[in-house]
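Here come two complexes built around subunit A, the first alongside subunit B, the second alongside subunit C.
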Partner chain A sequence: MAKLFRRPRTYVIAGLLCALPFVVAVFLATTRIPPPPGQGGAFLSAVLSNGALYPAAAMALVMPVFLPVSVAVLAGDSVAGEASQGTLRYLLIRPVGRTRLLVAKLVALIVFVLFAIGAVLLTSFLTGITMFGGEPAAGVAIPADVTSLSGVTITPFGLVLRLLATVVYIVISMLSVAAIALFLSTLTDSGLGAAMGALAVLVTSQVLVTLDAAAAIRPYLPTRYWLAWIDFFRDPMLLRDVERGAGIQLVFLVVLLGAAWANFMTRDITN
Partner chain B sequence: MQPSTVVSGQAWRRWVVVIVIVGVLCSVPIVLGLRPAPAATTADPATLRARMAASAGLAFQGYAQSSGLLPLPSLPNLTEITRPLSSRTEMRVWYADRDSWRVDVIDGATERDTYQYRGSQFIWDFGDTRLTQVIGEQPVRLPRPADLVPPDLVRRLLSLAAGDRAEPITGKRVAGIDAAGLRLRPVSPDTTIDHVDVWADPSSGLPVQAEVTAKGGERPVFTSRFLSVEMTRPDAKTITPPSLDDVQVTDAPDLLSQISARRRGGQLPATLGGEQRNTEVAGLTSAGTYGDGLAQFVVLRLPGRFGNEAYDRIATYGADVHLDGGHGAVLATGLLTILAVRAERIYLVAGFVQPAVLRRVAADLGRLER
Partner chain C sequence: MITTNGLVKTYGQVTAVDGVDLAVREGDRYGLLGPNGSGKTTLVRMLLGLVFATRGTIEVLGVPVPKRVHDALPRIGAMVEGPGMYPHLNGRANLTLMDAAGPGGGRADRKRRIGEALERVGLAGIDKRPVKAYSLGMRQRLGLAAALLRRPQLLILDEPTNGLDPRGIREIRELLAGLNAEGTTVFLSSHLLGEIDALCTRVGVMDRGRLVLQDELAALRAETGRVLVGTPEPERVIALLDGRVEQRDGERLTVRHPDPGDLNAELIKAGIRVTALGAERRTLEQVVLEATTTSSDRVEGSS
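After this line comes the complex of A and B, so read on.
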């Protein structure tokens, strides 16, 4: 984990994740042209009136593509990268158990996702308040209440709770990406190949989610419930898809981490 | 062939563990889906029908989904009607009684909520960030998503099919309820509906699923069902509309109420396509329903600025109809048939009726406008 934060690429990836919402905010703030209702990124049409909701909009911007790509790249490189650089052999003779190594890699990925989401939330909150304003009440330093998707007011405390729930859910949502890439990473010495394999699975899943003919398998696709965290911003909160999304992510995690474990435990380290 | 070693044996055992886990996890939804509904979920058709029809007083809350497979183009000014028939609609429902309920239509990162509250209707649209209060009585209105919630939809279908035969069908488990089913078969040869299947909780009569199958079709083209439902009364807070400073007030929330308020033009003819006009609504001259039961159709007379785009869209996708006093086009989707006639004004006619019926209507409208 210490290695994760010593590597410049961790900060470059987090910086890129923070940059996307910032660029979108600059365009929105300068043109004041929101996407039409129901189109464009989630919450983008609402942030013009209250920037305190911009962290939620930022999550919707990075969630479908940028964040999964980052996780796939890091997870794909986690074992394969060590193997291709020749450090995996030295790691394993320290001695470090292979199961422990896999779990440590997964924990490091979860920490990275938390770090990246935290950075995006913080920078997007500052961006939102600076560029769109938070409509603060006179003499009060905290942003004013924001309106939920259901029109009911969310207090600043409620907004923080919902954003925290969003962070937890997104971390869970990234578990399947990490598990797919980690499994592929135990099959090959090419980190790029493992990352591309994981992305191919995710793109296929995204295509099938939108296909009515694939309705029978839709509930079991890894990306089906990725945006279910939006339901935290309804009133009453809708937890139906959140529960299903968390469940399906845990299933993918168990199966693919198990497959990674089964393969990695007896794999020959040739490099 | 390589000899078996201790290492390869361990590898096999690990893969077997993984495969067993995959097998167990994959079999869970299959086993749950194959559970048969208990045999007790059959009920006397007349009793079940009466219970469903009398279920308006039952409180419930749940999550419903409707799914339409009709190949309908989007009609300008009328997308609220066409969209549910050709796509999936997700709804959250809280129903206390006829005068206190709320239906949220959820679509990705937006939602549109309708409240019935203290004699008024409130509509919250997150996309437009607008709360609208509809005041006064609405003698006529266009269909709204709340009409697709299974109990409301089934009661409406039962009312329309009052003269049609009902027969029992196999029960099924819907949203955790062992529901009893009925099949309604329309007697009229003019309708495109082959049968309507409805299921309800046999003890309370709360309808939980409806399926409409067109003539010649093998599977339903329109379905509405609960994915989860509880027969409990919702909190008063939940069915109270949000209190916002900026509330738009209107007495004409949709196109039909807007044009009916204008009261221009004479009354629609008493007979169209050989079918009698149904009960008149006082003051409403630009819309009417004709025919009986599930073979009813609706006629709307629209000013050109409201109807021209819809006519063009129907003419693009439909078949031309030759008229003496204008132009016409019929769009048949298998279940819903739509006729558009452009003369001095635009007529839109729609119903679950055979295209031949609407061609007769087109001929009458052409003569009327000549």
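After this line comes the complex of A and C, so read on.
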């Protein structure tokens, strides 16, 4: 059932996600002006010397805003959209169990996230190689602005492994975004409202992360460890933040999905 | 087929459905009549397990609802408040999607069943256009086709003829009567008297959340004990049937008389020409109007 809900807009979103790193790459490749160390997207200066690292840079570009926004929009629309189209009631009397429907929606979202990330990785790898050159076979130097140990090289196999770990981590992070939006989506019949609500939560969280006055609650904010996967590209890998981040995301995921389920099971479908 | 006991649904302060005891029997063509906002749709949604009752019990196809509604739903075809379709897909794709989404629809004969259902509702020739390009009537027919996909035992239709033109309404009526003759129980709600009058064998009337009337249509439209007489010589009739003529409207008279046949014989014997003669029956409209006024009186009395 999940596969049936992949529709044209999915591809449009994925296309836009791929386009952002591409645009950045065009500018970088034509000007060859690297962002000063410590600023700009992670990996971007390193990319200039080796295009094979561009997928990681693309992830860092897409992750903070673009990907969560698209996940929030799709997840927010998943139940509320069916409701406002009037198809929700027909699905339920078909009958599709309410639990099953939620699970199917979640599976569809996971598929979307994987598909989107996969598309971004693939296109950015191709752009990286063609625009900046690079011999993936020769191994990749760990970029200086990321790691304290510069000059260490990652084997191509190691790079793929690290990228895979990154994908898993990002999927978990995005699922907690999806869980927020899905929960709101069961509350309202407006997909836009649910997406907006989820984004409001994320933006608030992002703001609080940078706010020193909110330091007390910082470790528990959903977006605090979003970029922790960058640590996968350090050598040695620094896994403390990754573990914490994954833990927090899982807590958010379980609590919000539970709330979504409890709400959806007892809700009157009046639309 | 459908039994409810003391069914109540309240939304906050508002009581949408108030103590409804519905009884639909197998083979019925049941028409639920009531003005907009009288609780028909809420009732239908409760029957399908979409809305949960505040109090009372529901049993559909021998299965308690909403507890085990999933055992009943595969045998029910339903349309609730207009069809729900994915606007960017064409009609066939929509039906395929819906059929694949739940149990009871085999993949092997899906194409054939969709073809049959479309044919039945008069959409056999639909093309690849997306549903958003359909007219209201076409959507309505498509919704009906979706309800018929798995040859249900029970059809629950909320306002099925919305948006159809008179010819379409007639076609749907004939379709439903045909399905009923094949053994499908039909339960439909409408605010259109004429529609229910023309199709149904049993009628329930809702008013302000209450089921104020539930009976066979034939029993409701019992003879009133009056006979309508058409004659070019109304004065002679009045003279003959002294005092029994209740109303005169030109050449049409309303006569209090238990038997139209006897009255006819009487008039002929007196040499009066008769152009029309028939027993007066209560119209459904009268019945409904009476039922709904008493109900509002009752509400006022009890509060």
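Going forward, the second predicted complex is superposed on the first by the 248 of 271 C-alpha atoms of A that agree within 3 Å, B and C clash if a C-alpha of one lies under 4 Å from a C-alpha of the other, contacts with A are read in each partner's own complex, and residues count from 1 in each chain.
As a convention for this text, contacts are C-beta pairs under 8 Å (C-beta built on N, C-alpha and C of every residue); 3 or more make two chains touch, one makes a residue touch a chain.
Bear in mind the structure is a predicted one, so any value in this text is a computation, not a measurement.
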TODO: Assess the superposed three-chain arrangement around subunit A: do subunit B and subunit C clash, or do they fit?
DONE: fit
Open item on the list: Once chain A of both complexes is superposed, is A:Met196 in touch with subunit B (first), subunit C (second), both, or neither?
Closed with: neither
TODO: Based on the superposed arrangement, let me know which partner A:Thr266 touches: subunit B (first), subunit C (second), both, or neither?
DONE: both
TODO: Considering only the touch criterion stated at the top, classify A:Val96 as touching first (subunit B), second (subunit C), both, or neither.
DONE: second
TODO: Mind computing the angle subunit B to subunit A to subunit C from the CA centres, in steps of 10 degrees?
DONE: 140
- [ ] Once the structures are superposed on A, label A:Val254 by its partner contacts, choosing first (subunit B), second (subunit C), both or neither.
- [x] first
Open item on the list: For A:Gly86 in the superposed arrangement: first (subunit B), second (subunit C), both or neither?
Closed with: second
TODO: See if subunit A has more residues touched by subunit B or by subunit C, and give me that chain.
DONE: B
Task: subunit B and subunit C, minimum CA distance [Å, superposed model] - done: 5
Open item on the list: Need the overlap of the two footprints on subunit A, from subunit B and from subunit C, as residue ranges.
Closed with: 266
Open item on the list: Applying the document's contact rule, which stretches of subunit C touch subunit A when the two form their complex?
Closed with: 42, 45, 48-52, 69-70, 73-74, 76, 78, 80-88, 97-98, 100-103, 146
Open item on the list: Quick check: in the complex, which residue numbers of subunit A touch subunit C?
Closed with: 1, 4, 7-8, 85-97, 266, 268-270
TODO: Using the touch rule from the top, collect the residues of subunit A that touch subunit B in their complex.
DONE: 36-38, 41-43, 45-46, 49, 60, 147, 149-153, 219-220, 227, 230, 234, 236, 238, 240, 251, 254-255, 258-259, 261-262, 265-266
Task: Contact set on subunit B toward subunit A in their complex - done: 7-8, 10-11, 14-15, 17-18, 21-22, 25, 29, 63, 92, 104, 106-111, 113, 124-129, 131, 227-228, 238, 241-242, 244
